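In the two assemblies presented below, subunit A is common to both, partnered first by subunit B and then by subunit C.
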Partner chain A sequence: MFCLGIESTAHTFACSVVQYSFYQNRLIGKILSDARDIYVPPTGSGIHPRDASRHHCKAVETVFKHALCSAKVSMRDIDVIAYSAGPGLGPCLRVGAVVARTLSAFHSKPLVPTNHGIGHVELGIMISRAKDPLVLLVSGGHTAILAFSGKRWRIFGETLDITLGQLFDQFGRSLGLPSPCGHEIEQLGRKAAGNYRLLPYVVKGNDVSFSGLLTSAIRSVHNKSKELSLGEISFSLQETSFAMVTEAVERALSLTLKNEFLIVGGVAANNRLAEMLKEACKRQKCKFYRCPAELAGDNGAQIAWAGILEYVGKGRHVQVEKAFINQSWRINDVEVIRN
Partner chain B sequence: MPFSYSILLLQHQRRKLLKKGAEADIFLTDWYGKRAIAKVRTVKAYRHKSLDLDIRRRRTIREAQMLSGVKPIGIMCPHVYFVDPISCEIIMEFLAAKNAKEIINSEISSQIGTYAGLLHSRNIIHGDLTTSNFLLEDKLYLLDFGLSFHSDRLEDKAVDIRLIKETFSSVHYPQFETLFSGFLQGYSTIQGKKMVKKLLTKVSSIERRARYALH
Partner chain C sequence: MSSIRKTTPEISIKLQLSFEKKKQLYALLKSLKPDNIDFPSGLSMEMLTDYDNTLVIKLSSKGGFGKIINTVDEILEHISIGVNVIANA
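Take a look at the complex of A and B:
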């Protein structure tokens, strides 16, 4: 059986076909294709929702065809269509929803709206085969520490303002770097030769807050009298923010007593963060799992897999006229059945 | 050899690791014949050295100050026997107590609320108000003042309340309603219903700042 997943929450338009079956009473999935097209905003500016949605409109045809083609299936073989219904940018979400509704109505296939964040988490679990992990979801849209209990992914800690991805993108953009800026900042930081300078470190229980850190970092760039190089500031920004997240994770680990940990989301691709978290897990005697870099960022497979869990696990799907989007859809509002 | 080191050297030989907490290692030890707890903020290799030292030292000193400072308000917490800001450790009273996280009910959460109200009435923000930081012997004890600070801002007090709310809604989600209303009831005995109302408004404004909260 096959599920087509359509992702369009932010800068990525992606389609993917995931095959699912039952093996020893467990639902298992296999990613057959993963086609994407990513909107690149003009250097120095962030994602403009309208421009991104226009990009998605143009990308639909090729991405969709490529996803079916490389999976070697046709629309007739697809059993269910899943789309990302939120959270995300309204205009972008609408493109994916329109595509999904059209395909569903034309080919008479069941339609499943899915939560983008749940997709990140569940795909990470499917790939890593972790059983009951504490999950850190870090991306441009999320910074949250989650654990599964009572049919929901419950939030044990999160950012009180901007996300880790936004911290890097906004800092990078103030330097005129093309976003997403995480990689560039990591490169800049290498030049610091380990010269660290204290920046605001804000941990509030299991929660973190990055806005003061961002302001302070941007100010240090423009403060000529202190003679700090860009490299040093980038390095310090990374070290401080990652240490904050790692401490919050360690606190949540000791609170929940989980013995598995999984990191998912776009920022999971960062090696330094993974290294720090690995160290913290070692201290807490906890197994460390990481979503592979190629599936850490937004993709269609996460949507397809979350859709499969929703459709097969809960038997839930919606009529085309009721297939809405929801820009503000918190992950702990979704009931999940897991096998 | 300085005084503190000779004592600690003796100390180290008779230690038993009880718990590797998120922030510190907790050892069972003795202090002049008394059972005692050594809370050691060990080096975290993942943090940059200067950041790590700054955090550990600051929190150790802060915690020791607060453990003594909050007693006159009527808050029970372990007595501090010894503080070493160089090795970042505190030796304190041993409590044969149960962790409130394991045995929480509305009565305990009401007492937690009273403690929070007392702290806030003196403009002390605990900074890590979770159920696992309360111990119950015959009375309720509050621990872990490493993140605490002085502030009279409504915002900071509301962050404390938001954290305990988050703990109730994640760790103790089946009892969320009773625990949180118990907490607020305890809090209002100190601070009054008006203050609780003001704080709850602030708490929801903080929650709305978080990601994808409904506006």
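Take a look at the complex of A and C:
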């Protein structure tokens, strides 16, 4: 059985075919293809929703064809179509939804709207084979600590303002770096490793706040006396924000007594963050899992797998005319049947 | 000196798209309809089918040119990607 997953929440337009079957009463998935095209905003700018959606429109044909070809399937072989229905940027979400609805209506295939955040989490669980982890979802759109309880991913802690991905992107853009900036900042910080300068550190209970940290880091860059080098600021920005997240995660591990931890989302690709979280897991005698870098960013496989869980696990699909998008669809609004 | 009040005209646009096959037309119509919600004030839209495999889209705007230009632009973009994915599947 095959599911076509379509992702278009922000800068990535992606399609993926995931094969699914049952093995020893357990639903298992295999990623057969993972095609994507990423919108790159002009250097120094963020994502303009309409420009990103225009990019997606242009990318649809190539990405869709590539996903089917590399999976060696045709639309006739596809059993179910899943698309990211939110949260995300309206014009971008509509492109993926139109592709999914058209294919579903034309080929009479079941259609499943999926939550983008659930996709990150569930794909990470499928790959890692973790059973009941505490999850850290960190990306441009999310910074949340999640624990599964009562058929939902409950938010144990989250950002009170901007996300970790936005912190790095907005800081990077102020330096004139191209978005996404996380990797460049990691490289800059590595050059000044060890030269830590104090920046605002805000943890409130299990929540974190990055906006004061961002303002302070940008001010340090533009400070005329140039007391700090770019490398020192980048290093300190990373250390401070990652320590904040690690503190919240460690407290959540200690409170929930979970013995597994999983990090997912685009920022999971950052090695320094992974290193700090690994140390926290060691202290809490907890297994550490990390979504592989190639599937940490937005992709179609996460949507296909979330769609499979929804369709096979709950038997849910929607009529094409009722296939919605929801720009601010919270992860804890979704009822999840665990595999 | 008399002042000239800036007024914007009421704009109506009718788009007609003819398809070879009824199946293609209905797939696109079904696909476009769910997004026809939450229009900005002054903008209205109606989508219907004609007897000869034609999709008819009627738009009207009382709120200036910007909204209607952007809406037509996005609708045509969506129709174009719908046509493309059907052709490439």
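Following the convention adopted for this analysis, the second predicted complex is superposed on the first by the 337 of 339 C-alpha atoms of A that agree within 3 Å, B and C clash if a C-alpha of one lies under 4 Å from a C-alpha of the other, contacts with A are read in each partner's own complex, and residues count from 1 in each chain.
Rule of thumb we're sticking to: a contact is a pair of C-beta atoms (placed from the backbone, for glycine too) under 8 Å apart; a residue touches a chain by one contact, two chains touch by 3 or more.
In this text, all values refer to a predicted model and were calculated from it rather than measured experimentally.
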| item | value |
| --- | --- |
| First, second, both or neither for A:Arg154, with subunit B first and subunit C second | first |
| Which superposed partner A:Ile38 touches (first subunit B, second subunit C, both, neither) | neither |
| First, second, both or neither for A:Leu230, with subunit B first and subunit C second | neither |
| Subunit B versus subunit C as contact partner of A:Val60, first or second or both or neither | second |
| Dominant toucher of subunit A (residue count), subunit B or subunit C | B |
| Subunit B versus subunit C as contact partner of A:Met276, first or second or both or neither | first |
| Common interface residues of subunit A - those touching subunit B in one complex and subunit C in the other | none |
| Touching residues on subunit C, where the partner in the complex is subunit A | 23-24, 26-28, 30-35, 70, 74, 77-78, 80-82, 84-86, 88-89 |
| Complex contact set, residues of subunit A against subunit C | 50, 53-54, 57, 60-61, 64-65, 68, 74-75, 91, 94-95, 97-99, 101-103, 105-107, 320-325 |
| Residue ranges of subunit A touching subunit B (in the complex, touch as defined) | 86-87, 141-144, 147, 149-150, 152, 154-161, 163, 194, 196, 198, 201, 203-207, 239-240, 243, 246-247, 250-251, 253-256, 275-277, 279-280, 283-285, 327-331 |
| Parts of subunit B lying in touch with subunit A, wherever the complex brings them together | 20-23, 44-51, 54-55, 101, 127-130, 132, 147, 159, 163, 166-167, 169-171, 173-174, 206, 209-215 |
